[in-house]
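Here's the structure we're looking at; comments come further down.
Order of writing sets the labels: A, B and C. Residues in every chain begin at 1.
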Amino acid sequence: MANLKINDINKNFGSTEVLKGINLDINDGDFLVLLGPSGCGKSTLLNTIAGLETSNSGEILIDNHVVNNMEPSDRDIALVFQSYALYPAMTVRKNVTFGLEQRKTPKEKISEALNEVSNLLQINELLDRKPSQLSGGQRQRVAMGRALVRHPKVFLFDEPLSNLDAKLRVEMRREIKKLHKRLKTTIVYVTHDQTEAMSLGTNIAIMDQGKIQQCDTPKNIYNKPQNMFVADFIGSPSMNLLEGSLNNKMFKPNGSDNVQIPLEKYDFINKNINNGSIFLGIRPEHVYFDKVNEDCFGIKLKSEIIEYTGHEQIITFNFSGQQFLGKFPSTIDIQMDKELDLYIDLKQISLFDKNTQNRI
Amino acid sequence: MTENNYYQLEKSSKNKKIIYRWILFIILGLFAIYYIAPLYVMIVTSFKTMEEIRQGNLFSLPSALNFEAWDVAWNGQGFSAGDVFLKTYFWNSVKLVVPAVIISTILGAINGYALTKWRFKGDSYIFLLFLFGTFIPYQAILLPMSRTLGSMGISNSIYGLILVHVVYGLCFTTLFCRNYYISISNEIVKAARIDGAGFFKIFFRIILPISAPILVVTVIWQFTMIWNDFLFGATFTFGNEAPIQVALNNMVLTSSSVKRYNVDMAAAIIAGFPTLIVYVLAGKYFIRGLTAGSVKG
Amino acid sequence: MFWLKRNLPRLVIAPSFGVLAWFVYGFILWTIYISFTKSKLLPVYDIWGLDQYFRLWSMPRWHVAVENLFIFTTLFIVFCIFIGILLAILLDQKIRAEGFLRTVYLYPMALSFIVTGTAWRWMLNPSLGIEKFAQDLGFVNFTFDWLVTPGMSIYTIVIAGVWQSSGFIMAIFLAGLRSVDDEIIKAAKIDGASLVSVYTKIILPMMRPVFMSAIVILVHLAIKSYDLVIALTAGGPGISSDMPAVFMTQMAFHRSEIGLASASAIMMFLTVSAIVVPYLYSELKREDDRK
């Protein structure tokens, strides 16, 4: 078990920059999730950590050793692949022990390690089967067994659950969480599924266009997004972003003449506030029909569309021409095409500068 | 692990890599020479005079570009009897290849289309018959074929050979097209049927326009097969009706007083030239045809 | 009208199907029938039983042909597959000149067996070919006269055949290697497998279907081989490099023994079928499983 440090990694494929100055610091026992849309560079970063790809500049340190010029097998890492990448011509047993055999581990040690992981992952009965005879969930377990058996310093996961159906995915997610709690290993986990990221990670690094947009705990990522990309990317439905202007700690949404939202209680990062165009972000679940606390601000909006999903309903309102969503329990009746009284919780808002797109 | 160990690991793996790389290139290079050598020998020999051939060795370059052997191979020496040259036979092969390729390709395309997009009872058995047909040793059909050509009055003629090549090429062209069309979504055909298009309209307006990749493969395959055929040509034709490979073989085997290796080599290059050109220009499709023909079903 | 529309696909297939049924399967049946008769120059239709087959198997020449076929097929397959795999694996190492090398290795496949035979016949001829080249280099006692030595001439056919076809085997193995999931190779790298064991333990065992295809194609090519023998040795010296395909043509068109020729053709047909039928069966089953 070890820490992992990534210092200013850059990577080009020809003229396209895939990774632009990535810095990450992952402590021993951390579960870091790399989250981002497809093509953001998260898998490339993972492959670079594994040593399957080389970076153009920058350093990777595992356990405080620079590993840039080391072969993947010498880095003492394990990687669980999206396709599982089980060796088709070998039995499960062979698949799990192949890595140890290549390292000339003594026979007794191998069978010991095999016993340990097959008990841990409950794959005892599968050991003599071929990968083609396994179900998706079983393959997933074997792939994890192959990674676990070597007790590597760092575990890497490349979208390991994306080939499973919805139900199995939730189960396996919990298994991975359990394993991490038990083994306390350092994990780097790539996914594009935010629920997976939120529920698994002790830290999440959100990536877009080859850069880390924000690296923080799941709570901070959700509640205090550092820029509009993160605000928009996390949460479903995503955060309402109302365009407007800031003047003397008052927010005036574009298109409405009489609404002024007071921002005295907002915790500005920079105490010298510049007036100008900004976005006010509020999550749909922080919009209410009742005044739930002292910081609520009342507005009158016209309801337009209702989307009923079973456990909740999402209402689209018209906020002076801007789309505004609210999420409510499915137990209440809401009338459409009507002006309704709503309250937004000002403690939960985020403000972003229109030019820099960063949190202010 | 200590710092030192890490360092050594890096160094040894780098040196190893360079050595591996060199071994790799040497082996690949040696094989390249093995494959290129015969072509090289053919070319240099064709430009030598017989005197040079007797004096020099296999790989030496000719003293000058001497086209005499090429002229003899193509036009002959001007004897009236026993003079074999390629000109007539080359054009025989062209006249044979063009119609045979076109007919067998069109039939193959339409068969493949009917077998995959308009499934009917027993279609998979019909396909099996075509598939097995690509494997039969032609010796098992030579005798009845020559009798049939005779009774049709087209033995020893280009038309007879066209028929033979269309018949036995049909299995390959149907197989190629069927394997290609099976990967095209059936929903396209369903959509077109709902839009009111019929069997032929769907073929000509929808399927054929997206068939270019497989038609190229099929045409190249058939062209190569028919141009390079010797067995059918030698069995069903003789004299002036023979295709080029038969003529080349006759020319080389004619045991006239002295062997003229330079003429033989020039003739061999001429006989191999069209397929070589196709291979160089469209090698990608050529390989695809070979693999399509091998990974069957 | 409706009937016509319904049955149009069958009607379109019908001519090709008819041609196939008549010219392929009908002809094979005819040949089988003739192999049971006494036919000489012209077919006679009185059944004579299996006598042509007994005659065939009592002929020393046929035994030479079958033995040669066995030698040729074995060596042809072994060398083609060995060279094909070797080159495919080497080319798979991210070589910069791959496109060029692939072209070079594969071009002989574009040449006919007659052209191939003509070229090698010249190179292997003892008086002016490779033998003389080696002697000129100073290896005065070097002899390489297999082409004109009975018992050895069959090996020259192997040399030329391997030259012509091994590039093709390289191509199908390369296609097979390229279809291996990239993640499997990455996983093996992380597991610490050396390059050699990545290939011997993981990738080549995955190539079983490719091996099967390659062997079937090569056997099939070997049994049909006629052109190459004619162009290179013409079955000679004497009958020492005779092969079943040459034997059949000789009997059918030069010796007026069409009953015997038919029997030998059917032997070839049965041999091919014995290899191809199980292969096709397993291939089609695999395709069904995928569905």
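Simple rule for what comes next: contacts are C-beta pairs under 8 Å (C-beta built on N, C-alpha and C of every residue); 3 or more make two chains touch, one makes a residue touch a chain.
Source: prediction; values computed, not measured.
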{"item": "Farthest-lying chain, centroid of Cα atoms versus that of subunit B", "value": "A"}
{"item": "Which of A-C and B-C has more C-beta pairs touching across its chains", "value": "B-C"}
{"item": "Rounded Å distance between subunit A and subunit C, as computed from the means of their C-alpha atoms", "value": "57"}
{"item": "Subunit B-subunit C separation of Cα centroids, rounded to whole Å", "value": "15"}
{"item": "Overlap residues in subunit A, where contacts from two or more other chains coincide", "value": "71, 74"}
{"item": "Touching two or more other chains - residues of subunit B", "value": "none"}
{"item": "Subunit C contact footprint on subunit B (complex, rising order)", "value": "20, 24-25, 27-28, 31-32, 34-39, 41-42, 45, 53-54, 57-59, 107, 110-111, 114-115, 118, 120, 123, 126, 128-133, 135-145, 147-148, 167-168, 170-171, 174, 198-199, 224, 227-231, 234-235, 245, 248-249, 252-253, 261, 264-265, 267-268, 271-272, 275-276, 278-280, 283, 286-287, 290-291, 294-297"}
{"item": "Residues on subunit C engaged by subunit A in the complex (per definition of touch)", "value": "181, 183-184, 186-194, 197, 201-202, 205-206, 208"}
{"item": "Residues of subunit C that touch subunit B when the two form their complex", "value": "5, 8-10, 12-13, 16-17, 19-21, 23-28, 30-31, 34, 43, 83, 86-87, 90-91, 93, 95, 101-116, 118-123, 128-130, 132-133, 136, 163, 167-168, 171-172, 175, 195, 213-214, 217, 220, 223-224, 226-227, 230-231, 234, 244-245, 248-249, 252-253, 258, 261-262, 264-266, 268-269, 272, 276-277, 280, 283-284, 286-287"}
{"item": "Sites on subunit A touched by subunit C in the complex", "value": "47, 50, 52, 71-74, 77-79, 81-90, 98-99, 102-103, 146"}
